[in-house]
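Here it is, the structure, as C-alpha cells.
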Amino acid sequence: MVKRLKDIGFGLNATKNVKRFITEDGRFNTSHINKKSIFESTYSYLIRISWISFFCYVLLAYILINVLFALGYVFIGVNDISAYESPYFIDNFLNAFLFSSQTITTVGYGVMSPSGTASGILASFEALVGLLSFSFTTGLLYGRFSKPKTLISFSKNFVVRPFRNKRALMIKVMNTSRNILIKPKVDVTLILHKLVNGYFQPEYFNLKLERKTITYLPTTWTIVHEIDEESPFFNLTKEKIEEYKAEIVVLFSYYDDAFNNEIYDVKSYLYRDLIIDKKFTKSYGYGEEGRLVIDHSMLHDIENL
Amino acid sequence: MVKRLKDIGFGLNATKNVKRFITEDGRFNTSHINKKSIFESTYSYLIRISWISFFCYVLLAYILINVLFALGYVFIGVNDISAYESPYFIDNFLNAFLFSSQTITTVGYGVMSPSGTASGILASFEALVGLLSFSFTTGLLYGRFSKPKTLISFSKNFVVRPFRNKRALMIKVMNTSRNILIKPKVDVTLILHKLVNGYFQPEYFNLKLERKTITYLPTTWTIVHEIDEESPFFNLTKEKIEEYKAEIVVLFSYYDDAFNNEIYDVKSYLYRDLIIDKKFTKSYGYGEEGRLVIDHSMLHDIENL
Amino acid sequence: MVKRLKDIGFGLNATKNVKRFITEDGRFNTSHINKKSIFESTYSYLIRISWISFFCYVLLAYILINVLFALGYVFIGVNDISAYESPYFIDNFLNAFLFSSQTITTVGYGVMSPSGTASGILASFEALVGLLSFSFTTGLLYGRFSKPKTLISFSKNFVVRPFRNKRALMIKVMNTSRNILIKPKVDVTLILHKLVNGYFQPEYFNLKLERKTITYLPTTWTIVHEIDEESPFFNLTKEKIEEYKAEIVVLFSYYDDAFNNEIYDVKSYLYRDLIIDKKFTKSYGYGEEGRLVIDHSMLHDIENL
Amino acid sequence: MVKRLKDIGFGLNATKNVKRFITEDGRFNTSHINKKSIFESTYSYLIRISWISFFCYVLLAYILINVLFALGYVFIGVNDISAYESPYFIDNFLNAFLFSSQTITTVGYGVMSPSGTASGILASFEALVGLLSFSFTTGLLYGRFSKPKTLISFSKNFVVRPFRNKRALMIKVMNTSRNILIKPKVDVTLILHKLVNGYFQPEYFNLKLERKTITYLPTTWTIVHEIDEESPFFNLTKEKIEEYKAEIVVLFSYYDDAFNNEIYDVKSYLYRDLIIDKKFTKSYGYGEEGRLVIDHSMLHDIENL
C-alpha cells in the first residue's frame, strides 16, 4: 500500500529545523517517495558510484547469475553436462557453477558441455544472457567514461574580509587540469531561512559579483562579492548568518576545449564554512624554468591577512 | 504501387473532426505515408520502446536467426557437425539449433563442430553474424542509455481558478529526481480550432506567463498564466473551450547538471483536462529531520479552494 | 614526391567554368591535395557510407584478415593446428582459414587447436586482434547510430511566382518524422558568379525572408523571400540567373525533442532547379478521423497556379 | 610525504624567465602537483595519445595480464589445466600463458581446460576480467572516435605587413575537410610579459578584428587585426615584441554540420613566429573542371609582397 505525505503526517513547512538546499555531493537535498521508474534510477546510480563499488557490483552480479544457472543445471541433472557426477550436492553444484561461468563468458572449453536437450536450451539461453550482460556492462562503462567531468575544484571555505575600503565575500576555484577552460561564468545565490509565524521560510538573493566571467582559467580564480549597502550581507553579523542557516549556492559553467562541451557545476557552502578576516593562500607559483606550477594540496589553504 | 494522398481522397482541411496537435507520448499527431528510410525508423523505434519489449525483440531475433542457420546446417547435413545423426528431422534440427547457438554466441564447446567445408564456411559466417549482432545490440543498449531522459513530470490536468482578483490558468511541473535542474524555462501555446467556411482552422496563441524562468527547480513549480483582457481565455466559457477543441502545448527546457545537457520536453493538454475552481495539492513537505520530502503520488492531486 | 598546386599549374581563379559551392550530398565542393590525416578521413568515411557498403567492408575485412592469418598458420605448418595435414596447399589453407575464423571470432571449437608454441602465440595474438576488431566495429556501429540525423527534407526545386502583388522565391521543407522539431530557423544565401576581367568572382547575398523562424514544424513549411527592390533577384531574368550560375544555399536548424540536440542542415539549389510561375502542391491533408496525413511522395510536386 | 609549493621554494612570481601561456599541443602550460584523481587523468591520457601508442599499451596490457594469470596457473599446478606437465618452468609457464590467453579472449579451445577447483575458479574469474577489459577497450575506442575533432589548421606563423595605408597583423586558418563549417567565430588575445619590480607580469589585450565571424568557411580565411592607434601593437618594435615575450592566443569556434556540434579550437603563437613584410601564399585554386582545389602543403607558405 502506498504511504502518502499526509499519512505520514509531514508538515508542509519545516518548524524545528531546516536542512541545506544542496548537498555536498552536488544534488538537491530532497528525498522522493512513491517514485516509479526504478530502472532509470538504477542506471543513473551505477553511473554515479565509485569505480570500486562498480566493480564489486559487477563481480557480485557475475557470481549471482552463475549461481542461479548452476542451480538450473543441477536441477536438470549434472550428468547432462559432465561425464562425472558426484553423490555430493556441493561437488555437482561446483561443477555446474564452473560450466555456467564457461558458458556465460562464452569460453566454452567443451570438457563440460550440454548433452541433453534441456541443458542445451538452458546453455543456449545462458550464452545469450552472458552476451547481453556484457553489452550492458560495455554501455555502463562507456556511460561512466563519457559522463562530463568537472575539471574545477572549489575552496572548502568562503571568506569574508576587508577589500578596497569595504568588506567582500570571496570564493576560490581552481582548474585542476591542463585543459583549456574557456569563458568560465559564475552565478552566486544566497539562501536565508527566516522564521515567519513559527515556520522557516527561505529567501533567495542573487549576489552581485565584481566579475561574472573571465576569458580563460589557467590556474585559480577568486570570485568576489563586494558587501556594499545593497548586499544582503550588509549589517549581517556572524550570529545572524548562523541563525538564518545561510547557504551560498555557486553555479559555475565553462566550455571545455578538450571535450568540446559546456560544463556546469554547482557548489553549496553552509554558514559554518565561513571564515572571517583571513585570506586564501596563493596556490600556484613559478618553477625555476618559468613554468606555472599549481599545488592541489594548497587550494583550501587560508592564511592571516 | 504508391498510393498518394489524392488517390485516397483525403481532404486538404478537416471537416468533420480534428485531432490533437501533439499526442500524449510527446510526438506530433501526424501519420506518414510513402515514407522511405525504414532503417532509421527501426532504430529510432528500438530506442523508444520499453525494456520488456526490447528484450522480447532480442530473444525473438536470437531464436529466429538460430532457426535459419539450423536449417542451413540440416540442409548441408547434420553428420557434418555432429557425430550423431538421427533419422528424425526434429532431432537433427534441434542439434543443429544448439550447434548454431553455440556458434553465434561464440561459446563453441566443440562437442559439435563443423567437419566439412560447407558447414565450416557457414559456421565461420555465423560467428561473424553473431559478433556483429552483439555489436549492434551493444550500440542499441547504449543508445537507449544515453537518450536524454526528462526528469520532470507534468500535472495530468490544468486548472483555471481565481488568482489575485482575476482568474489564472495553472500547470504544475515536478522535478522527479535529486538532479539539479538549472534555469528551467517554459513557453505555453494555446491552439483553438475554429470552424471557418465549414473547415476547422487552427489559431495559435502564445500565453503570457507570470514567470517564464526560475533559477533552480528542486521540487515543484506552478506555471501561471493570468487571464487578463489580453488573454485569449478572456470571455472564453468552458463550452467554447470544448467547441474549439482547445489544446495547450507546454514547451519546457532546463539544463541538467548531472548529464550536462540542455533538455527539452513537450506536454500537451486537451480541453477535457481542464479543471475549474480547484487547486493543486502541495506535493512536498518537510520531514522530521528538516529535509524536503517529495511525494510522486501527489503530483496530480487536486483539492477544493 | 609531393605535387603542389603551382606544379599542376592550376589557376588561382576559375576562367572557363565554375562549379557549385555545395554539392548535393551537403558538403563543400572542394578537393583536397597533400592531405595528411588519413585515419580520421577513413573513420569519417565509414560513418558516412550506406549500410550495405558498410557491411560489405566488414565482410571483406573479415575474409582478408582470416586469409592473412591462415597463410601464417600454413607457413608455421598445418600439423601444428590440425591432426590432419593434406598434401594439397588448398586443403591446408582451407583448414587454416577455418581455424583462423574460429580463433578470431573466439568460437574456438577445439577440434582444431594450436599444439606448438609458434601457432599458440599466433592464435593468442589473433584472438586479441579479433576482439579489438569487434570493439572497433562496435564503436563504428554506435558512431553510425549516434550521428545526428536530419529529420527534414527539402523540395527538389525552388519556385519564383507572383505573391502579394510582387513576386517571391519559395522553398519547401518537410518534417519527415513525428518527432517534435522545435523552433526551426532558416538562413538563405544567394551566390552569383560574375565574370570580372575574365575571371569568375563569387558575390554573396543574404536573402531577406518573410519569416526566419516558427515555433513548431509538424508538417511542411514554405520559406518565402519577397522579391522587392532590395532583393538581388529584382530585375534578374532567368537568363541572367543561368549566366551567373546562381546558387542558393539554405542553412536550416532546429532543436530535435527526441534526440535533445540542435541539428543543422544545409541544402544547395542550382539555377537549373528554378521553376517559374508554378506552386508547390500541398503534401498533407486530413484523414477521415481528423488526423494529419503527410505524403512523402508529394514533397517535390509542383502544380499550376 | 607531500611536497608542497613552499617546501620546494618556488617563487610566487617568475623572475628569470617566463614560459608561454598555452603550449603547442593546445593545453595550458601548467604543471600540477599533489593531484589526486589519477584515474580520470589515465582515461583522458588514453583518449589523447596517438593510435600507435594506444595499440602498444593494449598489447602490453594483454601480455602483462596473461603473464600474471599464467603465474597463477603455474602456482596452482600446470597438471590442473594441461595433460602434459614439463619438468621445466619455462615450458609450464608457456603452456599456462597460452591457456590464459585462450581463457581471457574466451576462445577456449578446450585442449587445455581447468580440471581442478582452484584453476576452475581462477579461469572463471579470468574470463570475467577478459570480458570487462574488452568492454573497457570498446569504451576507450569509442571515446577516441567520438572525441570532437578540429577540422581547421592554423598557419605556422603570423604576419605583420602593410594593409590599407596602415599595418595589419594576419593569421590564416584552413578548413581541412569538405565538411560544412558554419559561422566560424574568432577571438584573438595578446599577452605581453613586462618586468615590474623585477618580476614578469602578464598583460592581456583583446585584439580588435576586421571581421569576427563569417557565414561559411569552405577554403581558407585570413584573420586581420588592423594596427591603428588603439592597437597594443602600435609603436611596438620587433625588439619590444621579443622583450615582452609576446604571445598571441587565438580562440576559434564553428558549428560542424557533419557532427552537429559546436567545436572550439585554441592556437598560440609566440613572438618568434612573427614574420614581417611578407604575405601568405594563396593555398587554393581552381582546377580545370572549375572545382576548388585546396593544397594542404601550402597552408604555411609565405611569399614576398
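Order of writing sets the labels: A, B, C and D. Residues in every chain begin at 1.
The rule we apply is simple: contacts are C-beta pairs under 8 Å (C-beta built on N, C-alpha and C of every residue); 3 or more make two chains touch, one makes a residue touch a chain.
Note that the coordinates shown come from a computational prediction; the quantities given were computed from them, not determined experimentally.
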Tell me whether subunit C and subunit D, two copies of the same sequence, contact each other through the same residue numbers or different ones, using over half shared as the line for same.
different
Pick out the pair in C-D, B-D or A-C whose interface repeats that of A-D, meaning over half of the contact pairs match by residue number.
C-D
Could you state the distance in Å from the CA-based centre of subunit A to that of subunit C?
39
Separation of the C-alpha centres, subunit B versus subunit C, in whole Å, is 27
Residue ranges of subunit B touching at least 2 other chains are 106-110, 138, 142, 146
Complex interface listing, subunit C residues touching subunit D
2, 4-5, 8, 10-19, 21-22, 26-37, 39-41, 43-44, 48, 102-103, 106-110, 113-115, 117, 120-121, 123-124, 127-128, 130-132, 135-136, 138-140, 142-143, 146-148, 187, 189, 200, 204, 206, 249, 251, 261-266
Can you tell me which positions in subunit B touch subunit A when the two form their complex?
51, 55, 58-59, 62, 66, 94, 97-98, 101-102, 105-111, 134, 137-138, 141-142, 145-146, 149, 175-180, 182, 215-216, 218-219, 255, 257-260, 282-298
Spell out the part of subunit D that touches subunit B in their complex, as residue ranges.
106, 108-110, 138
